[in-house]
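Once you've had a glance at the structure underneath, I'll fire off some questions.
Chain naming follows the written order as A, B, C, D, E and F, and within any one chain the residues start at number 1.
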Amino acid sequence: MAFLSMDLPELRKHRPERTEPEDFDAFWADTLATARAFPARLDTTPVETGLTTVTVEDATFPGHAGQPIKGWLVRPRGAEGRRLPVVVGYVGYGGGRGLPHDHLLWASAGYAHLVMDTRGQGGGWSVGDTPDEAGSAGPAHPGSMTRGVLDPAAYYYRRLYTDAVRAVDAVRTHPGIDPARILVAGSSQGGGLALAVAGLVPDLAGVIAEVPFLQHIRRATEITDAYPYKEVAEFCKVHRDKVETVFRTLAYFDGLNFAARATAPALYSVALMDEVCPPETVFASHNHYRGPKQISVHPYNGHEGGGSHHTPTALAFAASVTSAG
Amino acid sequence: MAFLSMDLPELRKHRPERTEPEDFDAFWADTLATARAFPARLDTTPVETGLTTVTVEDATFPGHAGQPIKGWLVRPRGAEGRRLPVVVGYVGYGGGRGLPHDHLLWASAGYAHLVMDTRGQGGGWSVGDTPDEAGSAGPAHPGSMTRGVLDPAAYYYRRLYTDAVRAVDAVRTHPGIDPARILVAGSSQGGGLALAVAGLVPDLAGVIAEVPFLQHIRRATEITDAYPYKEVAEFCKVHRDKVETVFRTLAYFDGLNFAARATAPALYSVALMDEVCPPETVFASHNHYRGPKQISVHPYNGHEGGGSHHTPTALAFAASVTSAG
Amino acid sequence: MAFLSMDLPELRKHRPERTEPEDFDAFWADTLATARAFPARLDTTPVETGLTTVTVEDATFPGHAGQPIKGWLVRPRGAEGRRLPVVVGYVGYGGGRGLPHDHLLWASAGYAHLVMDTRGQGGGWSVGDTPDEAGSAGPAHPGSMTRGVLDPAAYYYRRLYTDAVRAVDAVRTHPGIDPARILVAGSSQGGGLALAVAGLVPDLAGVIAEVPFLQHIRRATEITDAYPYKEVAEFCKVHRDKVETVFRTLAYFDGLNFAARATAPALYSVALMDEVCPPETVFASHNHYRGPKQISVHPYNGHEGGGSHHTPTALAFAASVTSAG
Amino acid sequence: MAFLSMDLPELRKHRPERTEPEDFDAFWADTLATARAFPARLDTTPVETGLTTVTVEDATFPGHAGQPIKGWLVRPRGAEGRRLPVVVGYVGYGGGRGLPHDHLLWASAGYAHLVMDTRGQGGGWSVGDTPDEAGSAGPAHPGSMTRGVLDPAAYYYRRLYTDAVRAVDAVRTHPGIDPARILVAGSSQGGGLALAVAGLVPDLAGVIAEVPFLQHIRRATEITDAYPYKEVAEFCKVHRDKVETVFRTLAYFDGLNFAARATAPALYSVALMDEVCPPETVFASHNHYRGPKQISVHPYNGHEGGGSHHTPTALAFAASVTSAG
Amino acid sequence: MAFLSMDLPELRKHRPERTEPEDFDAFWADTLATARAFPARLDTTPVETGLTTVTVEDATFPGHAGQPIKGWLVRPRGAEGRRLPVVVGYVGYGGGRGLPHDHLLWASAGYAHLVMDTRGQGGGWSVGDTPDEAGSAGPAHPGSMTRGVLDPAAYYYRRLYTDAVRAVDAVRTHPGIDPARILVAGSSQGGGLALAVAGLVPDLAGVIAEVPFLQHIRRATEITDAYPYKEVAEFCKVHRDKVETVFRTLAYFDGLNFAARATAPALYSVALMDEVCPPETVFASHNHYRGPKQISVHPYNGHEGGGSHHTPTALAFAASVTSAG
Amino acid sequence: MAFLSMDLPELRKHRPERTEPEDFDAFWADTLATARAFPARLDTTPVETGLTTVTVEDATFPGHAGQPIKGWLVRPRGAEGRRLPVVVGYVGYGGGRGLPHDHLLWASAGYAHLVMDTRGQGGGWSVGDTPDEAGSAGPAHPGSMTRGVLDPAAYYYRRLYTDAVRAVDAVRTHPGIDPARILVAGSSQGGGLALAVAGLVPDLAGVIAEVPFLQHIRRATEITDAYPYKEVAEFCKVHRDKVETVFRTLAYFDGLNFAARATAPALYSVALMDEVCPPETVFASHNHYRGPKQISVHPYNGHEGGGSHHTPTALAFAASVTSAG
């Protein structure tokens, strides 16, 4: 698709009003306190991969309600004795943790890398191994976006955001990881998760949010026809009488509210022809972000964003924010 | 789409081998026995609709695990003192029980009509009000077709088929309904549910299965690109190592195995240009059906099937199988 | 599709200039006078439907040029002795009167209901039984929108609008109908017909126009790619030298000019993601409507509009405008 | 699209059974006799085109029911005194006679060329100037294919085939045309018309039918999703109870029945990836053609067929069949 | 597609800033000087076509780097002794010179007509016979738009624009052509070539540029998703680091810079629903055009533009600018 | 798409006749002899990537006509002194060598890995840096498939296959590589290149061809509508008179003829719903393959084939064929 309604100078200034529930902080404080009743831990089992430069472990940690969340822990071979900086990585919509060979980059650059599985997804494009143990809590459009959307407490992303925070809690307990040098990172839904964690966990070293999803959600449902935002629109199309209820719930999960609280240095990326995560919504998040921030702009790209062209930038950012560690 | 691979004479003879697990009957006997530990009942509350010829009640009955399943009970006004024949109706994929005004036909023809809500669906095209209280039990493609598909005991349709049986149990308890004149009816997924119930409940008066879904499932995933069968294919596309596990589960839910057990008179319909429920799969079910049967063939139709053109046939069928009651 | 160019506050104020031929009133006065040379009457024959709560009659009345127009007259059974309020219903583009079982709502709510067939359509999605006895009167794009469009006197909708007025004339002659309590109603093309009748017939009880078509036609051809407005654009694409002739004709048929004359209470509905009848054109009509009016806004819907969610509103509106009758 | 179900050797032998009404010949004898009650004539008026090598005249002749049918008569300038061989050309579906500059080929090659306008079409891709003065005679799918299709006497193509025959009658009366050297020619619908004329008019010099439409119609509706055959399938989809009536009518218009009667030399063309006029239907016609025949096969083409690559073949064919004149 | 962002009054005033390299004139002076080191000539061989009113010759002339460029020279038969005005015609994107029978118009109107083949294209929709002897000079998206785009000297269109200028040089040498009455003409890419030649060759009689391509290129890549502009966007999508390099090259080839230099009378056409060559870009060119100019506006057309409806306008324009010759 | 025409048992036996030019071996012997006049060498320059477990070098080697071909040489860090087994990797259609971070797998598993750039491609989905220095040698459809296709000597793939062979020649000269343990590998076009090299180079350790392109080309153009095979069909569509010339050329490049000559152990993969490289064509190649072979079958996959699920199989295969080295 061609350039969207705003041009770049407008986007750089775009800072729409946020919709924030009064009890936003209380909601999340309660949610995390409940989850943290289960002590953090990271259980790992070595996996035979045929790889010689890195080690891979099958990881499990307690997420929302203490439910076991899977992941892969990938580390450079031969670094066992050292406390490494770590990248906690989150996955895009519809995918799961995939297979170990999909995750070579960060370990090849000297980082520990925990890839968190996505509960109940993992059937769309990469495999997953973590069920979502909660029921649907109401009618839902196919997909995850509207599971439990009529109630913030029952909404799918309350569980998933909590898992993402608990992944950070988990890596802190691991002897091979330096708890002062934790980055959270992801693209699309993974970027949205990274930003949510950045708003909920105070002492991260850095945040990498590539073409992040779940930012300025209501606006997104009004300006794009692309899934997964469209799942919300489709639900509202059927449940004509529940539109305000839906968006009341989503306000607890909108990335703008997390961005406004986050203080760690952040690297965003945005693509100006991105129909899935429209640039207007990504800039809205970036421009509300409270901590130090930078954004890579890709003018002719869609949701693929910077792709591996952005990798050197991400590696440099990670090096800069972890070098003092 | 144009006529599919087989022409009509071939379809009329098409009776492929069934894949039936050895413990198929035991699986369902156990499933239903467990569900029936919760006594059948049908709770109803009158609804104000502005309609004068029929009454509508908001209905609730215990389904799988005794979970409350919603429905609408629609009856001709002024028939309160009589035991009416009843049509238990099931809804197509992605929809819920909808709104009362959507369900005027059967009551306008003198039948009680219980429309069963579909747990956890109801976001796709008509509203629903019944959550699916079980979690995902593993990775899943968006939609209901692969929720829990790696284990027959955890599979979504185990719960939904049980609900459908329990709907029949529930109407039998109602003083305004004649338990000897129960029809089950539906189109697409609703037709699949009707056939499953017909294979599990012995003494129905009749079965109406229009362009039924969930018949010869594995074959369907090989010959059509249309959803929702495609959800299974998409899951297998990602989970390349779990294809046989998936189809082992689905064999417990394939309509061919229910059709081969059902004895009530059945009215099928099929559309020869139906890509969603390919005619080959519908004839496979019809040709395995054990009881008396007839099938309406619509040569130039897709999944809309006979539409209201088929209504007179359905009314006549219902009248003929309930007239002795 | 996502929200169109104007947002809701702008739409509520949108009242574009109308294009009205000087002889608009004379054109329609002549047209109706000619048609009314054939005395109004409503011939009906009972139809066996298997329905017990309503009666259905096959209806015929004289339309444009006295040509016989078909319809269904559906009434609550047992109301034969009373003069009922009536809903004269018009059908969407490409459809005909369909089958009796498609029209249970209004009679189930206590109204007589005359469903008017649509001349020469009825092949697109529901069956019709009324030919259009006039020839094409010039080249035409497939469909009805450009049949005779080079001359107002020969244009297809001159005949169809006249039929719609004559349907009202016809029901007034029926002993079971209260001529003081006539509503006209329809969705899409049906809504456009209802609005045209409201501008041409002075003493209606009410008008229900859901996502009405044929409003601000020229503008619509400039902003949407959807059929049937697109038929006009396609015709202009080929007949590049006849663009002004086309729109000169269409000005006699634009709903804005009827809305500006109509005085009966009106219930509109509009869907903000409707590409077929863009919200801008529906609000243009509503904002020009001369009588009392209300509009139901469906923000996440397309041309399906309010669907059965809107039914209670329509029933309440009908009850309020006919209660004094 | 890729090669269709039959490969070329099979196609060359494909000669399916024809469906021919008993009174086929009587039907057409009556139809033509009635039309010929209006004496043949060709009225022409010079048109100023800015062209120097050819002359163009606006032509009119009596068609079905004597209705005036438009056309262009294009001739090489300077040949006024001679009786030229003539090509009577028919136009593809949805188009009309277009503009004079569209028709330079045959006159540039030394032929008189009468391009017949297509009644009631001419809005789809090229302009037309001839109305279809008959009404719809029943419900119809948009387009011409189902106008009046419930009755052979009222069917659109009865009028159009008659026009096509009368175009030949008309050119015979013109002093600049040699009545012994008349070719009929067209592509798609134009080819279908040429073949119909070839079956109805005994003494033509030749027939050019490129990727002809209207051949083996029922089969075509079963194997292709492409319009305009699809119009018939769409009509049958709605009018489920009239399928046999539809095909009873169409049997009077199926090109196979005309091909089986035609004796003039014929040049067919066929494209093996043609979805609009599937090669199976074109070969069915060719293989039933009674006179001398040849066929140009274009293996990688769709409905564009041979395009201007086929022009030299067509010119050579025309020269060979008119050289004795 | 519906009307684009600007309405017609805005378009008529739209005159965006041009991006012109400082050495634009030097670049083209050098380029043409180098090419003109090969003396102009037009070699022709008669072709047997079966046509009687025109003659066709297979033509060859030296283009960029003296490479032989093919063409067709079509002339009215019998005009051999006179010096005729000539139309040098260029072809749309992806096509070649096609076949002689495709090019009857201009010769039928009394002009000599040289159709220039397009090097290295001719596989997309009409045949070509001229290779592009230069290599790719770097990575490229499929198609011609990005061949060599990283360097102005190596860019494909440097060669093609040069060919187009050399075609004019060639016809001047022909004894049957009047060198004072040369028009350049084309549609889409052909129109872009005509405008480039108009900016590079001082003494043309006229320019016909229908829906011209290659105007305001960078803007076009931002507002349309249609090919071939999209080829540039696709290249930039992959080569994220070369966006500025790409547009630095394209500035040497942007039609706005040629329009601003051209002095011959020009006839433009534009279609308001043209997604391939958006009207905004065509008006940008027209409004920068330095010489006398007119523009035909087609409001409901896409890239087919005026089609043969525009032919009389083009013939009249050609007559007016060559009449003094 | 659903399963193609043949089912798996048929595919396993499918061994169609090959079309092999008489001078096939001579053509390739000459081609390679000419290319090998330029001595093999592999020039490398270290690249700074931020990676710590592997080293990356920018590589250049002489390809067809000695032209410099780019690549990346990726090796496990710390293995500098040893001669490693090497994987020479080729890239899919439309892509180039991409960026270093895209190529971590093989080096992470202990292999040297040379990724060969693809001349003149690299604009479609991954970046490339190698021009195709030969011109178009005739008309061509956009893309590489028909560049020079009218002459085997000028055909694009003659240059590219030669580059692929020369990449193997180049790695043999490198001191860090064991010339007895060379694998060639790729997916889609990359798989086609690997098979071509396997047929042209006698002493490879193994071949990995995932969903290979360029196998049984003529058949592929008849059964799939997908690009890039479709480029050939599109060319034939325009150049109707050159179909046999095209396929005469392509016979020199058809993978079946290379497979029939190859002797190294081969690992194929095939996806049964692959429209891009239909399974019928992949099995045709596999079943003609002369050396030891195995094939991974992915029943529900399209052209993505086995994805990272296939990686362990590929690593095990590579280990088994290089373990003796």
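The rule we apply is simple: a contact is a pair of C-beta atoms (placed from the backbone, for glycine too) under 8 Å apart; a residue touches a chain by one contact, two chains touch by 3 or more.
According to UniProt, the chain labels map to these proteins: A, B, C, D, E, F = Cephalosporin-C deacetylase.
Remember, it's a predicted structure, so these values are computed and weren't measured experimentally.
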Chains touching both chain B and chain E, listed by label: A, C, D, F
Joint neighbours of chain C and chain A, given as chain labels: B, E
Chain of greatest Cα-centre distance to chain A: D
Chain whose Cα centroid lies at the greatest distance from that of chain E: B
Which of A-B and B-D has more C-beta pairs touching across its chains: A-B
Self-contact between copies chain C and chain E, residue sets same or different by half: different
Mean-CA-position distance for chain F and chain D (Å): 51
Whole-Å gap separating chain A and chain F, where each centre is the average of the chain's CA atoms: 37
Interchain centroid distance [CA atoms averaged], chain A/chain D, Å: 63
Chain B residues counted as touching two or more neighbouring chains: 234, 309
Contact graph of the chains (line, ring, star, complete, other): other
Which pairs of chains touch, using the document's own definition: A-B, A-C, A-E, A-F, B-C, B-D, B-F, C-D, C-E, D-E, D-F, E-F
Touch list for chain B against partner chain C, complex: 49-54, 76-77, 98-99, 101-102, 104-105, 107-110, 308-309, 311-312, 315-316, 319
Touching residues (chain side chain E, partner chain C) in the complex: 1-3, 273, 298-302, 304, 306-307, 309
Of chain F, residues touching chain D in the complex: 221-225, 233-234, 236-237, 240-241, 243
In the complex, chain F residues that touch chain E: 94, 96, 119-144, 146, 234-235, 238-239
